[in-house]
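Each of the next two complexes has chain A plus one more chain, namely chain B in the first and chain C in the second.
What follows is the complex of A and B.
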């Protein structure tokens, strides 16, 4: 018979062995090849499908370049993201470049300044940097929200001119949540470019179809006799608005023209002509190009003033060589609302479904 | 059943020394007066200042807006009345059930099986939380933790992508309007009296009321007080399941970031409706009226072009005011 002590020691040894084995398994599974460096990304949570797709693009490009990438997600809370920046810097980890996607752009300026003090390149992404923060970031990479809205406005004005059933005059704008600077940037640019159109009401709603519906369902009954167009800042929001219009007896595409801003997975509204078209703001390509910009900034160490638009090649992604500009925008091409339009679309080697189906 | 009713009456009549019947009555009256006066003032103000406010269309819109929040608030009223404050995982459980329903529909399990499986899952999601609370865990902390778990699981189930249902089989549930009234509103209007009946006229309801009124006295009478949390959160879970199914059916898709702010909206409905936070008093009808009043107020503000910042400020102030008034009423004996 074993003594209790011996039995206890044996159990402890077994536990120790098991713990060591558990530690060794991931170590053994770690890639043998050496990494060229590390990029750290701060961004809102990937539970949002746009952000999840952004992450896929960023990870794919980092892998392609031989870099490790660490994505630190915050909940929708700027204070939490600020704390994450402090913790990451305090960890002393060797980082080659930061990619910064604040939740609340203005409120995140303190953290941006902190990142800039580390001396490594800081690439701003997704939200246009606010004035006065220029010395805290190296380059911007991603969507041009002004261009996104301008593209939508021009497409709407064109559709209004071509429509045989709608005489465009008054309309509504449904936006991203208050405080989300991409939303206010898009609204400003849309209003500027939508010549000849009158805005009756503009309201912030959120990001999702459900939120678009909640807001639109309440304001459309009050204006249904006079609305001729609706601009939403994304196709997801547009989906909710389209449902609210239908519930109020209006036929999108026939009585009212609806234009969105960022394509998404469900093409039903598009193919039924309820949306006049879609702007291809691809989350995957935005993540991809943000990492490429960080890589170029590290490699070249020099940034050219001004802006550049990455070429909208159909099959070839932009080269990893060449300089970084202060603003590096991904293309935002427009696509029509027929199956043929969607089938014919190609950007950087990807089709509509691959770029928008998320 | 009769003995239970006698015990309940005694407890609510103050025989335990903890519940003053005058307080309960005063509280109920105050809630009713506040909501009635508030609604009359709001309707009068809206009618005078906002041309499209006093219309049938807008009334339907308000009821529709109150419906999903209201359905979840009915379930939450059981949790609060049973003395377990709030379950702060309602939003996340609704998201998860929407994703599960979407996933089942996409996998072609058929409408009936998908509905059944989702509601069973939703009930189990509530029951597990209720069981943990029944063991003595703090309801707020427990449900917060489960909320994180549910949200994470929704993210895993959806793969952080839109789950397209790929069929119109569920469309009727989300978009139909029998007799001009949205399905969600029919569900809300049907569930409100049912929820009241369950609480007031069934054994289950009595257990919730008694446990909420005085846990020790309820235990002394031989009731299993741990069942109150279990029943309350399970019923809430089923209500969250209905909300999740409704959202997925409405747009033919589900995603892991639906229902932004639902937890706050539901808690606001409970507080504005005047349900006692300490439990043992109140009715699901109060929660339903609270949800309807907040929807009316939000609609008025939206039609008057108030920004979301102002809308949140006003609703937050209203909840604070309601909490203060009911607290003061509770202290006056």
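What follows is the complex of A and C.
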């Protein structure tokens, strides 16, 4: 039997494609299937590989739990996302839980507040909720950006201590786009944990390697004689930065230590020692755990104050039973930069390649 | 008097808009209820308001690329000035945006620079200014004060909010301005044929300044009201606004080379696009499908427009 979430998605794609082909014909209704309920997700577009993997994880978990899931993608514009929230609420659709991923966290507060007024559980995901919004959301599920950056900083400090070629002192921080709160959270946590390291410049870039390259190519020439490390918030950005470092005559891993702290699909830089290691921030597991948290919130009807880290089991995912906390973080383990390190890595039954394929 | 072929063309566009609406209304629960229509209207406010301004610059044979950046900048100014009160802050924001627009129109008119070239510069520069003023971060209305902007969601006659009523007022006022005032007709005149307008004694600078002032003020108004409703503004916001506004105008029959089209067409273009995008998004379609569908819609409308005009010319030729 065709699964409900797949049939809903297929229907939506069919509609869009049919419209694209100028065929404004009545659409076939999706086959009715028994469902335990519906989760609605508001998030930026899945054209980014990370977000696409997040969606796969969310869909897989919803299917596993017998729920339908509707993912409403916005452009990278908070006004558009707000409009979608208004429209969804106005639709009168019976929703069991909302999952909220704003593009710009602070700018999404108004929409989050609107969702909270429905009385339906709202699970915040991916970006750490900003202070003061606690009454507008039920639980947070996803990465701990502070821990992610702290892990990267500690790994860098350790690598600096062990390096025979680099004496770490001054360095650069290249971040996610301005206004993206996960980026500023990571930067703050990194600076706090990177003891003994001096930041000479911080610059926002984006999410992708080409954005990291573009920014790094502009600022590295002015600092190439003095930088000994670079923190980039993700390995994807690091890829572009490493390219810019090489073009400026520097050898990553030899002259300069580079850390991103969030893995991605291309392991070339990692295995060549140009990155000191990586953090496993699995997009798939974040989507998976967001839906599980929404399910637990609906099932239990109450949320325990405080935070919890989902267990970093190597072979199986966490149980659907048990309480839901206000903060439900996915594990963010560190992995070294050799093939043996990557091959040995397991989390919730998945290997490095399966979790870092974005 | 409005020409008969203009009425026919508007009728066809309106018919197409209804087809789009009905297609989704048959699929989506409550798409045709009062709450659903109210949400559709609210969702159209930003693009609708800005589209009128962009449409006016297009009618003048120009194009204002800076509307998204100006909306973002104005949003930041208004949110930062909200301590003055919601309406005074909006007034400050809109006045600022109107002055920026007027200066752009003045510069383009006096220097004779192509507006595309000039507004690429202001698009980048105003975005940079927004980054500077905001300190590269989102600016927000304090959470404890969000109750003060709840009136934006009040309802009148079941389907209107203060924002959607404001949008309707913008359409009516600017429609009347373009149709019945001398300054409005001058905008059409310089868009329809600059040399002919000059020969007929129409000044070039005044309509240029007015067109860009309207464009700037309406971008500022859109940015202000949306930022206030969201309770926040971000320097990188509204980056897709220009494309949406331009698409709305083109679907609504505003000619890229100026002088042809009207505000009713823009309204039809606005709702055709909003019904379409909102409908596709509400069904949970991926973002790329929304883009694909919007692009296809635009091509479909333009192809239909070309066909309609060719048919019209052919009939006119045979009649002659």
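The rule is simple: the second predicted complex is superposed on the first by the 325 of 358 C-alpha atoms of A that agree within 3 Å, B and C clash if a C-alpha of one lies under 4 Å from a C-alpha of the other, contacts with A are read in each partner's own complex, and residues count from 1 in each chain.
The working rule: contacts are C-beta pairs under 8 Å (C-beta built on N, C-alpha and C of every residue); 3 or more make two chains touch, one makes a residue touch a chain.
The shown structure was predicted, so the numbers you read here are calculated from the model rather than taken from an experiment.
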Chosen between chain B and chain C, the partner touching more chain A residues is C
Which holds for A:109: it touches chain B only (first), chain C only (second), both, or neither?
-> second
So in the superposed three-chain picture, is A:132 touching just chain B, just chain C, both, or none of them (first/second/both/neither)?
second
Just checking: does A:165 make contact with chain B only, chain C only, both, or neither of them? Give me first, second, both or neither.
neither
*asked:* Just checking: does A:93 make contact with chain B only, chain C only, both, or neither of them? Give me first, second, both or neither.
replied: second
By the touch definition at the top of the document, which applies to A:83: first (chain B), second (chain C), both, or neither?
second
For A:339, select first, second, both or neither according to whether it touches chain B, chain C, the two together, or no partner.
-> neither
Partner chain(s) touched by A:198 [first = chain B, second = chain C, both, neither]
neither
Margin query: A:71 in the overlay: touching chain B, chain C, both, or neither? Say first, second, both or neither.
Written below: second
Practice problem: Check whether A:47 is in contact with chain B, with chain C, with both or with neither, and answer first, second, both or neither. | Solution: both
In chain A, both chain B and chain C touch residues 46-47, 177-178, 204
Within their complex, chain A touches chain B through residues 46-49, 51-53, 177-178, 201, 203-204, 206-211, 213-215, 217-219, 221-223, 239-240, 243, 247-248, 264-266, 268, 357-358
Chain B residues touching chain A in their complex are 50-52, 55, 57-58, 61, 64-65, 151, 154-155, 158-162, 164, 175, 177, 247, 250-253, 255-260, 298-299, 302-303, 305, 307-309
Contacts from chain C onto chain A in the complex sit at residues 19-20, 23, 26-31, 33, 35-36, 38-40, 42-43, 46, 131, 136-140, 142-144, 146, 226, 229-241, 276, 278-290, 292-293, 295-297, 300
Listed in rising order, chain A residues that touch chain C in their complex are 8-9, 11-13, 15-17, 19-22, 24, 26-27, 29, 45-47, 70-80, 82-84, 86-93, 104-111, 113, 132-133, 177-179, 184, 204
